[in-house]
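After the structure tokens below, expect a handful of questions from me.
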Amino acid sequence: MTLALVGESGCGKSMTCLAIAGLLPKRGRVAGGALRIEGRDLCALSEKDARTLRRRSLSSVFQDATGGLNPVRSIGWQVAEAVRLRKGATRREAQAEAVRLLGRVGLPDPERRAREYPHQFSGGMNQRAMIALAIAGNPKLLIADEATTALDVTLQAQILDLIADLRESLGMGVIFVTHDLGLVAQNADRVAVMYAGRVVERADVADLFAAPRHPYTRGLLASLPERQRKNERLSTIPGTVPTIDALPPGCTFAPRCPRASERCAADVPEMALGYACHHPLTPAPAPVVRREREYS
Amino acid sequence: MTWISLKLLRALVTMWLVLTFVFFVLRLSGDPTMVLLPDDVDQATRDFYRAKWGLDLPLWEQYTSYLRALLQGDFGVSFRNNLDAFQVVWERVPKTALLGLASIAVALLIGMPLGVLAAVYRNSWLDRIVMSIAVFGFSMPNFFLGILLILIFSLKLRVLPSSGSGTWQHLIMPAATLGTGFAAQIARYTRSSMIEVLSKAYMRTARSKGASLGQRVVRHALPNASVPVVTVLGIKIGEMLGWAVVTETVFAWPGIGRLLTSAVATRDLAVVQCIMIILAFTMVMANMLVDLIYGWLDPRVRVGRRAQA
Amino acid sequence: MTALLHAESLRKSYQVGRRSLFRKARRFNAVDGVSLTLERGETLGIVGESGCGKSTLSRLVLGLSPCDEGGVVFDGTPLPGQDTEAWRRLRRRVQLIYQDAAGALDPRQTIRTQIEEPLRIHGLPLERAQKAMADVGLVPAMGSRHPFELSGGQLQRVVIARALTLNPDLIVMDEPVSALDVSIQAQIVNLIQDLQRDRGLAYLFVTHDLSVLRHVSDRVAVMYLGEVVEEAPRDAFFDGALHPYARALLEAVPVPDPARRSRAAPRIGDPPNPAAPPPACRFHPRCPFATDVCRAERPALRDFGGRRAACHRVEELSQ
Amino acid sequence: MSVIDSVGPGRTRRWLAGLSQLPVVVICAMCFMALMLFVAAFAQLVQPYAFDHVDLMNRMTPPVPLSGATWTHPLGTDTLGRDLLSRLLVAAQTSMLLSILGTVLGAVMGIALGFVAAHKGGLWDEVIMGLVDFQAAMPWFIIALAILAFMGNSMVIFIGIMALYGWETYARITRGLVLSAREQGYALAVRGLGGKPSRVYVHHILPNIAGPLIVQLTINFPSTILFETSLSFLGLGIRPPMTSLGQMLGDGRDYLINAWWLAVIPGMVIFLTTLSMSVLGDWLRIKLDPSLET
């Protein structure tokens, strides 16, 4: 299944991913909460056990693929290292596996390409290599953090296809982090919308787009040029996103919200029924029929 | 390979420029016979020596004949004892090479690990201590450090010889003196380049693969971080040669530096010029070596060169 | 009346790698034979992926970098030579706004100083700065701030205000909203359109984002590896492109509607290195419809009833 | 009440408040450099004796904390009975003035050439950068040593040699800074607004590159001091009857067994000067450009 985590810059979606992957920078730490992978709570495990669990079951792909690959090591070496660390294979086996993985992600002539270096690859090829590196050791969960943002649209579509294909054939779950609602609509099964460090709405993708409950979600959808009639003014959300060190008290969206009341400025709304809002929008009159999807 | 031949050409041009520069500056600076011969020598004797050393010819002819001799491997004779200048200098080379290599070893073996540690444990007490020592290290004039070492270890504690060469004990203080400043500089450069590398996205990739801290530092960070350090090392070679002269003087180490100070004092032109050529050659070779290491460390450079060739 | 801007067969090449003693540097054409026309008060959208030459084109059109071949006529007169007095006077009429608003502002000067700078350069009354700030929705108090104290959307407003002080006829917008978040992007797009309506500005709107382009432009030109491959009125283009590349581009855009999912992305492979474009039709290695003629001959930009496309097989494919 | 009266104390207080937030090390370094600058300016006014006043009756008296010392010569006397404190003051003055002059000349020359190379480009650029490469490829200290030995005791030549030491760093840095600043968005934007190149350079590029250049100045200054003192130490820079810190140290080296302070005291002064300058340079660098944190 694919869960999309969507939100604007600075809303904390990348930090959430890093926390799940255990890659938070030194200064940051997980302040509380639980994180369960296959029923085991990562936060409750010892650091060593958590690292082992993470190494076995999850991996991530980030936006800047060229920067994510070490410039002085060959592509094959880097993929093989991931294979060795996750599976404990011998050098030779790992090398063969790396070539196979590079072929699997659609690199032509993987045998030769494995010997090349990141600077000899195009951006799209590097992103393919990063994906090969991420699926080494068959993870249960793949986190794709803005993985296609830096790519051109035609390339982006192909990389997304690749991820969907791998998800089906390897039976992975995918957490898909993006700011692009178009990508969410096209790729996700479930969606979590984040604003200023909190998830404000959670829903099935069809429901979310058909009938958003949180005013922020609605504002976001309404400001998309694609969802307006031509030549009309775009509807906007007034104001700007608060910075993380100057969050308003109460509901963080209240200062920009057309439905805000005094209560919103004081109380933080709890997440219930899939949204965190004191004055949710009424759902569409006819409830959306939930279609059974074939995606696993 | 075009790349190598271009480098060689540049090196040759540099060496030619250096020796030309030195030749003219030294010839224009006065008459060596005034210093070498007693004041009361008559004009005829003076002229005899001038003619013997070719000092009576026009400057241009002196220069061309000097170049011609050089190409045949003739560096001239020492004015002082009529020995072949190259022989005189060459005898001293091993001593200076020993001192220089020992100091580079000191600098790298102390500076690199300390810089790496300081970067990995950035802003910790360890980092602060290492960096404070480094500031002391490169602010310390090495002639003063040498004198302090002599005072403490030779005059007070009487455990190390204060001058000369021969045993390994003789090498300790000069190598420490010459190496300290460079160790400090290398520690700083290593730290800053490590800090930069550690913040790169590929370090996060390595972490997400499940590589341990040690694996990440040794396999991923160091090869990248050492590229700028090697470059700096190449740039600093010239400075190091200068400091070597001072260090050799302080410890009466019988290397090229000592020879140079005595040769300039007696205006022994041929010897001074020969030393300059050998030092310039050393620098040029060191820089080529650095280039080679550079290519070995960084595939981007390597591929660029192959494309050029 | 003549068109506001007319560019004819523009060509600009750049050097690849360093020139060395033994060989001449390789050059490639970043912009290769592009012609375009822009009327007063009109918006021409230029769309293309990275390396297609759209940013280079925007600088050529403004005369900010000289072109190797071809020429630009602005309001009936050819662009004067770079850095001449006439060239500087022309700056009052053409302005450029680009993606990196933070980089376009001097980090050491206040907002007001920078908005007033064009007025100082051209010796115009400084009061215009206040009007421009009000027009873009900046409160006067912002004037005493420094760029690092402002958000991305505010910075883009500052840059637009600075351009407006000179009352230009033409503003070239190079990815003006690409770096902004969706909700802020909508604010700036509205601002840009309001200004056009109020002041009769002409825009050359360069972007990679088809959805924004659909919203703002009157006409669309698609660039691929330095060439314009299709040019059409907006509605005609979005209803159905003629060139296979333009079609792939339209198909690849993710539609923000889960009911309209398309699982099959156009399989056209990775883009080639823009510094070494393929010969003949530059799209042929990725084109699913390529034939021998595409591999042998470079297609010309041909007219198809008010729209133009550069493809040998337009007729067959549109059936 | 004048306006100045009401503004003055506030400003002073703010300035002092800013000062109290500095690290102790930086304050110490600032004080020491202030002292050195004072000495450089007024050594002649504060010296207790003429620096070359010979007093053969009082030779090699030790400095104060040691036994046998007198307050008439707080730092003792040298082999000819000259007052060490007075000599130290004059020597420090010579070294400071020379190093400042050398640094400033080198910086002005390097920055000017760097600007020319970046602005003119083409042949100018090639020639200037060729000179820079050549300068960097020469063992300059050693060549300086030879030149000084052969050319003799000439102040002009010595200062010229000091100025040539380090100019290439400024030239390279300035050229790089100007070239990259010119490609910055704001420089291009001002050009696009119709600004002349001179406006871009003076109003935008210069203020933005001044910081890194000042930092480079503070980084180079200690090495210039070391350059001067090393040459004088070898007996080739400043020679008697004049004196400099390096020369005092070189002389004192011969009396290490009997009078170690003759070498150690000038050595400490050199060390403290370079140390203070390095501390200040590091602090300035972090202050002016946080992204350069090293």
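Chains here go by letter, A, B, C and D, matching the order in which they are written, and residues are numbered from 1 within each.
The definition used in the following text is that a contact is a pair of C-beta atoms (placed from the backbone, for glycine too) under 8 Å apart; a residue touches a chain by one contact, two chains touch by 3 or more.
Everything numeric in this text was worked out from a predicted model, so none of it was measured.
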Tell me the fewest steps from subunit A to subunit C, where a step is a jump to a chain it touches. 1
Counting C-beta pairs in contact, does C-D beat B-D or the other way around? B-D
In angstrom, rounded to a whole number, how far apart do the mean CA points of subunit A and subunit D lie? 55
Approximate Å spacing (C-alpha centroids) for the pair subunit C, subunit D: 52
Report, in whole Å, the distance between the mean C-alpha point of subunit B and the mean C-alpha point of subunit D. 24
If a residue has to touch 2 or more other chains to count, which residues of subunit C qualify? none
What parts of subunit A, by residue number, touch at least two of the other chains? none
Quick check on subunit D: which residues sit in contact with 2+ other chains? none
Subunit C residues touching subunit D - in the complex, by the definition given at the top: 62, 64, 83, 88-92, 95-96, 98, 100, 102-108, 117-118, 121-122, 159, 162, 166
Once bound in the complex, which stretches of subunit A touch subunit B? 21, 23, 51, 54-55, 59-60, 62, 64, 67-74, 78, 81-82, 85-86, 117, 119-120, 130, 133
The residues of subunit A that touch subunit C in their complex are 8-9, 122, 124-125, 152-158, 160-161, 164, 179-188, 205-206, 209, 219-221, 223-228, 230, 233-237, 240-241
Which of the residues in subunit C end up touching subunit A in this complex? 49-50, 151, 153-154, 181-187, 189-190, 193, 208, 210-212, 214-215, 234-235, 248-249, 251-259, 261-271, 273
Within the complex, subunit A is touched by subunit B residues 200-202, 204-211, 219-220, 223-224, 227, 297-300, 303
